[in-house]
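Here come two complexes built around subunit A, the first alongside subunit B, the second alongside subunit C.
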Partner chain A sequence: MISTVIRHESAMLLRSAQIWLIAALIAALFGYLFLTQVQAWLNVQTALALEDKAPGLTGFLAARFLAPLAMLFSIIAPLFAMRAFSNEYRLASFPLWQSSPISSTALVIGKYTGILLVLLLLVLIPVGMVFAMGLFVPIDLGTLASATLGLILSTAAFTATGLYFSSLTRHAMIAVLASLALLLLLWLIGSAASSAQRVGGALPLDALRGFSIGERVAGFFQGFIATGDIVFFSVMTALFLALTVVRLDALRDGGTE
Partner chain B sequence: MSGGRRLTLLIVGIALLAGWLGLRFSTSFDLTANERHSLSSASLQAAAALDGPLDLIAVMRPERTQVDALTALVERFRIAKPDITLTFVNPDTDPARARSLGTTAGAELILRNATREQRLQNLSERTLVGAMRRLGRESDRDIVFITGHDERSPSLQTDDDWSDLAARLASSGLASREVSLVAEPHLAESIDVVVLAAPRRPYFPGEIASLMNYIRAGGNLLWLAETPSKSATGPGLEAPDRVFDPFYSTKGVGEGLGLGLSISYGIVAGFGGTIRADNAPGVGAVFTVLLRAAERRAAA
Partner chain C sequence: MVALNYTSSVPSDRDALRTATLSRICGRHPSRPRFMPESTSEILLDARGLGRGFGAQRRTPARSAAPANPATAQRGGIRDLTLTLRRGDVLGLLGLNGAGKSTTVRLLAGVLTPQTGSVTIKGHSLEDNPLDARAEIGYLPDTPPLYPDMRVEAYLLLAARLRRLRGRTAREAVERIIGRCSLDTVSRSRIATLSKGFRQRVGLAQALVHDPEVLLLDEPGNGLDPQQTEELRHIVSDAGQKHCVVFSTHLLHEARSVCNRIAVLHEGALLTERPAAGSELDELFARLARGEPGQDSGHKPDTGGARPS
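Coming up: the complex of A and B.
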């Protein structure tokens, strides 16, 4: 039953011309960023080699090329998820789902998986670029695997956030803006906390560091995985999926869109 | 309050708790090929061996990559030594503080432990561990300069004397004092190193005897000679090219560690100098220590 929802949701995205346009633009952006960072690495290579345990090409690209993409995916994921429920509300097709024998949980998980699968195809593009460097130089598969895990986990969490806000409103734009606002806040918490830490700020911003996406995601791109970071993104994903289910159940009980 | 809202609060509460537990009991794994994020066990031991809180003051421009690298490095040391604090001073926005710390133009890391401090310009795990080791060394480590025979003095500040050397030893937590063998013929075993700082007049037989007694009891002698001098004589070395090897000893097993000269080599190398051992026929063993008076500036 869930597989039907997954296939429906993926097909909806893949049939949309806008999505392909976005994907093409993003792929071009990935390519450009990749080339600039390879160029940057060639410039600093000799200086890096003098360091004690220097990051190699993979370490450099993971930190300089793949890490900023986590922020890019926090914008892309809500864009892909924005129409999941909003469109159903607006086109009045949601009652059809409600009257079908599919439970709210199955519907949420199905739609979520469908969107995430398409996004993971996008995640594979930059990862594949770094992996392709293995044709020319030895690459550090551990670091690449850890960075890939970071991208996947963070994208999964961003998608769940976008899906939840999509279930709140019939206006896709509002869903996107709300998700972006929340995700931006979670990114900014990190920079505020770390800059406060640098100068010894007066406000207890350090307490917020636990919520910071930037701090949680950074380790993955350094090849340094912390179970706490994995838990953070898993919990964030589970939280927003659970909230979406609660929201759909409330609608089924007669709430308004 | 509706059931839906209560459920929402419950879910958020569970998520916060799960997230907190996840971060509280987090374990890290280093997946990089060269184990970039792992400290060697020797580094962790050096950090753990340091008593009392360690304060690190980084005087540097807040360039993200450098700040992050330093923060991450310090974070790794916190596993072994939780009471490390790290503060940043930006010389651009807080020049008064930077000046009061007496820092040089580039980035500098100041390590403070109790009353002692170490400074680092070139930061890596290796240099940081070296600085921690120097900090952790007993401050009452006893370095004795022998006086009375026109040696270079560690306390006089003339051009001929070596107060610079004593000052740099002091900044490494190594205090030094001067002893005249006439006034104190017995050199206690607790003295860690006896330094003969380029004597220009010969020692008396009684003085040589007390130096020999001290060495036989396992003492360390650092003999700094500026030019091979005929004024001082002593027994030659069996293998001058091997004396700086760690654990090389002419004594039997269990009678000495054979580390004295190896440590001397390390001390001199630490100052960017060289030490050489030769046998001068009819004179004895000659140790030549070359120390640079000042860092030569790169030609512009």
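Coming up: the complex of A and C.
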């Protein structure tokens, strides 16, 4: 039953012209960013030769090319997830699912997986670009794997966030803006906390650092895989999926779209 | 088979046009399905004491004390509704707009959860075993649940798979329903390009694709031309022979043409449920349309809509 939902959701995404347009623009952006960073790597060769612990090409690209993409995916993922439920409410097609023998949990997991599979294809593009460098120069597969894991885990959490906000409203754009607002806040918490630490602020902003996406994702791009970071993104994903299930059950109890 | 002795005070501001339409006396249709005796056939749908949407009013004394416009206050609510459908029953759910027909059908379909009471579909409780219960249901909401971007065939295949049909069985079921609902000419078309009548038929096809035991149709006649209405009547009568059907409408003659029993809803309560042939239905419904239903025998006036279900 879940496989039917996954197939339907992926097909709905891949059938949408807007999604292909977004994907094409993003792929072009990936290509441009990749080339500028490879150029930057070549430009700093002489400086790097003098350093003891100079990063290799993979380390350089992971930090300068892949890491900023995590922020980009926090915009793309809600865009891909925005239609999941909002569109159903708008088209009045949701009763098809509500009256079928499928549980809210299976429906949420199916829709989520369908969207994530399409997004993972996009994640593989920049990873593939770095991997392709291996044809010409030796690359550090460990660092690349760690950075890929970071991108996948963060994208998974961003998609769950987008899916939850999509289940709240029939207006897809409001769902996107709400997801972006929350994710932006989670990105900013880290920088606010670190600047507060520098000036010795009185507010306990440091306690919020644990919730900072920026801080949580940074390790992956330096080649460190920390259990705490994996748990953070897994819990964020599970939390928003669970909230989506609760929301769908509330609709059955008479909640409005 | 329960008719509730329950009537509410009624507002008098009813739509004049509807009054004219509804008070028309309509004749019995020659090919209406036979009325089956209660004791011989299996109970497929059993709804007991269904209530929804009146709880909030109980918590708002000001509103229940002075029902300035009870029709608005109770719109879409349902109280203490009991229905039993056996194999072969085609029940017309008749009422004015806002009487609670859609809410009733949604409660029976499991799309809404009742605040009181329970629904049992072919022995499966919608509360305790919702998935098995919903597997026996075919539901067509008032707006057909369609995806404009999908092709008719692919959409029906999705509906079949969602109702537990797999692989070859699902494809055969889709072929069968395409033939049965006369969708052959449009089976490869995108739903967005279809006329309203065809969309309604695709909606009906998704409800019928898995040959459900309980077919729930919410105003399926909307937007159909006379020829399509006739086809709909055939499809519903056909389904009613083997299974059971709930058919909501606000037109008495439409209900008469397909149903063997009619339940009249008014302001969320079941006024009466009787065989479709009875002439007293004409009188009752004409009175409803004029906004004066309270005088039907055995019905007592309401005290203001604040009564617990």
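Keep this in mind: the second predicted complex is superposed on the first by the 256 of 257 C-alpha atoms of A that agree within 3 Å, B and C clash if a C-alpha of one lies under 4 Å from a C-alpha of the other, contacts with A are read in each partner's own complex, and residues count from 1 in each chain.
Operating definition for what follows: contacts are C-beta pairs under 8 Å (C-beta built on N, C-alpha and C of every residue); 3 or more make two chains touch, one makes a residue touch a chain.
What you see is a predicted model; the values in this text were computed from it and never measured.
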Partner chain in contact with A:93 - subunit B first, subunit C second, else both or neither: second
Subunit B versus subunit C as contact partner of A:45, first or second or both or neither: neither
First (subunit B), second (subunit C), both or neither touched by A:142: first
Which of subunit B and subunit C A:102 touches, first, second, both or neither: second
More subunit A residues in contact [subunit B versus subunit C]: B
Partner chain in contact with A:8 - subunit B first, subunit C second, else both or neither: second
Subunit B versus subunit C as contact partner of A:253, first or second or both or neither: both
Touched partner set for A:225, first subunit B, second subunit C, both or neither: first
Common interface positions of subunit A, toward subunit B and toward subunit C: 253
Subunit B residues touching subunit A - in the complex, by the definition given at the top: 2, 4, 7-8, 11-12, 15, 18-37, 62, 67-68, 72, 87-88, 90, 124-126
Touching residues on subunit C, where the partner in the complex is subunit A: 52-53, 106, 109-113, 130-132, 134-135, 137, 139, 141, 143-149, 158-159, 161-164, 206
Residues of subunit A that touch subunit B when the two form their complex: 51-56, 59, 140-143, 145-146, 198-200, 210, 218-219, 222-232, 235-236, 238-239, 242-243, 246-247, 249-250, 253, 255
Touching residues on subunit A, where the partner in the complex is subunit C: 1, 4, 8, 12, 15-16, 91-103, 252-254
